[in-house]
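In this document, chain identifiers A, B and C correspond to the written order of the chains, with residue numbering beginning at 1 in each.
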Amino acid sequence: MISWKLFSLLVYAAQWTVLYSAISISIGFVMSAGICSATLSRNRALAFAGKLYVSFFRGVPLLVQLLLIYYLLPGVGLDVPSHVAAIAGMALCTSAYQAEILRGGFASVPRGLVEAAEMSGFSRLAIFRRIRMPIAVKLTMPALISEAIMMLKSSSLISVVGVVELTRMAQNLAASTYKPMEIYTAAGFVYLVINLVLVALGYGLEKKLRWGRI
Amino acid sequence: MSLTPAIRVRGLVKRFGQTTVLDGIDLDAGRGEVTCLIGPSGSGKSTLLRCIAFLEEATDGFIEIDGEPLGFAAGPSGERMRLPQSAIRPVRSRVGMVFQQFNLWPHMTALGNVSEALVIVRGMKRRDAEARAMAELEKVGLSGRASHYPSELSGGQQQRVAIARALALEPRIMLFDEPTSSLDPELTGEVLNVMRDLAKTGMTMLVVTHEIGFAASVGAKIVFLDHGKLLVQGTPGEVFGKPRHPRIEQFLDTYLDRGAATLL
Amino acid sequence: MSFDLDLVLSFGPQILTALAITIALWVAGSGLGLVLGFFIAVARRYGGKPVDTLLMLPVELIRGTPFLVQIFLLYYGGPYVGLSLDKTVAGLLGLTVYGAAYYSELWRAGFDAIPKGHLEAADCVGLDRSQTMRRIILPEMTMLVLPSMVNMTILMLKETAILSIISVPELTLVVSAIGTEYYAFVESFTILALLYWGLVELCGAAGRHAERRLSKYRFSVS
């Protein structure tokens, strides 16, 4: 077993994991809305650019993306701190996944619901705001939450570009205490707890929306 | 009754790619009357209704609602011109539609479904809109279910809410696209009763249905479509009375059991 | 900043070897994970409540923690409990176990998605349990789970890159080593990204092709 002091260091580092993940998931969500509308756009160049973006960031391992950004930015004269590069990398990656999830959500809004709104005289904007958006978000909520959980776990990779978070802290502690078994088990436990909290949050959020299946 | 019919359809053609779904339909639906569209599956009756709702754009031909062109009008030399959106909206707003799949918005209560357009489209205050909506729900016998979500209602109740939703916007014409086809037999009656009551108020109704009994008893006019063409039209007596058109005979045989067909 | 592609390309043979190792790890890890995952799913589904609960624990532990932490635990923690593995072996083992946990959930979802009526129909025409499994459940399930299996297999390819962190001589390690050694970061990481992107798109296209073929089969039987 490891001491409470070591464990509390891991818990302390976990707040960076949560913070970096939360920031990149949020930035990624805002970006994904734009990318999703680009892929659905009638402008073919825009739609192609959107699809290319989604394909690239979903097709390259996050680790490679992080290394690329980490080394590319100084190359083009942008000297940013490593945690900023890490957040940028994670946001770019998750935005592609979230855009794809949203696209699926919009595609599965039943056409009849939109037609009913058309027959009621809704404008295109009103249909988007009052009908398509809420239903798409509800439909994609479980997928968005698993993407958030996926991202939280993937944030362990930013340890590679030198950002201190849970995994990096565990690495440091494992090296200095010679107790990798215990330290990494404890770190895994902390990740698990954060994920369970996220799952519970998502479950509560879904329950709050009383309306059921579509 | 004025001379212009509530709905006038002339030479309507609708093609999906190579398939011709409607092949030159001429149809008049009288004001204050119930017109029932019947015919085998794939005969084009739902497509015709959807064209009149402007949910589909016809490939050729013209539709007039209360004498005003819907979507397309004849130009000076008879050519077909698409009207601007601003000219389509007011004509379309006279038409209410009830769908086979109800299409209630799942994230709004029954009251929300009925009041939403009053707020968003008509600009009413939420309170006033809900009072109006409540009155409409009362008419279909569902004021007690106002705060239920669609998933908490039976199919028949959902369809009655959908009728209230359409009526709240005070349409001149109500279109029904197989309103009871996705309902269990015991729930069909409650929806048909609401439609009967509505017919008695003098609402102009165009109903696509397989409920031959309803069509025969409520319809002022029966229109039989087959392969995208209007085959027979007339009063229920003319269409269902003997001697019948052979295609109608065949249709009734397929859609009803023989015993029921002889009752007509 | 110059883009010196020739430098990186002069290491072609090394890069190709590393690519082969990546593909080998990917294929072996996914294949073994797929099979192990299937047995886990069958055991959880048909083995009774205790087996289900017993297997749920490791599956959820693996699905709830980062792959990198699992790999660290196995490779650096293993020797302390008498499990000293070569880095490539540790990598493959980790990848297999990680994949098995996820694949088992997909298989389970597949079992649940088969309409009960189809099994009742099989029962009615007199198929026994193993016949039902081989003739009804497996073919039908393959169709249902194929898209998510392809997604997971693509994820597995991307996870192999993480093995570079424990110095498994796969694509990411070899190419980034070239980049670091010759200060050709941008060139090497661009090549690296393109290689993965190409492989992922290839796998996705193969998956879509298989889906189309299977859906044709589905129409012909129904």
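Note that in this section a residue touches a chain if its C-beta (ideal position, glycine included) is under 8 Å from a C-beta of that chain, and two chains touch if they have at least 3 such contacts.
Please read these numbers as outputs of a predicted model, since none were measured by experiment.
Q: Along the graph of touching chains, what's the shortest path length in steps from subunit B to subunit C?
A: So the least number of steps between the two chains is 2.
Q: Across the interfaces A-B and A-C, which one involves more C-beta pairs in contact?
A: Contact tally favours A-C.
Q: Please compute the C-alpha centroid of subunit B, do the same for subunit C, then give the distance between them in whole Å.
A: 53
Q: Could you tell me the distance, in whole angstrom, between the mean C-alpha positions of subunit A and subunit B?
A: 46
Q: Measuring centre to centre with CA averages, how many angstrom lie between subunit A and subunit C?
A: It comes to 21 Å between the two C-alpha centres.
Q: In the complex, go through subunit B and note every residue touching subunit A.
A: 53, 55, 89, 92-93, 95-97, 99, 101, 103-108, 116-117, 120-121, 149-152, 162, 165-166, 169
Q: Can you name the residues of subunit A that touch subunit C in the complex?
A: For subunit A paired with subunit C, touching residues are 55-56, 58-65, 67-68, 71-72, 75-76, 153-157, 159-160, 167, 170-171, 174, 179-182, 184-185, 187-188, 191-192, 195-196.
Q: For a test of understanding, state which residues of subunit C touch subunit A in their complex under the given definition.
A: Contacts found on subunit C: 1, 61, 64-70, 72-73, 76-77, 80-81, 157-162, 164-165, 172, 176, 179, 185-186, 189-190, 192-193, 196-197, 200-201.
Q: Touching subunit B in the complex: which residues of subunit A?
A: Residues of subunit A touching subunit B: 110, 112-113, 115-122, 126, 130-131, 134-135, 138, 209-214.
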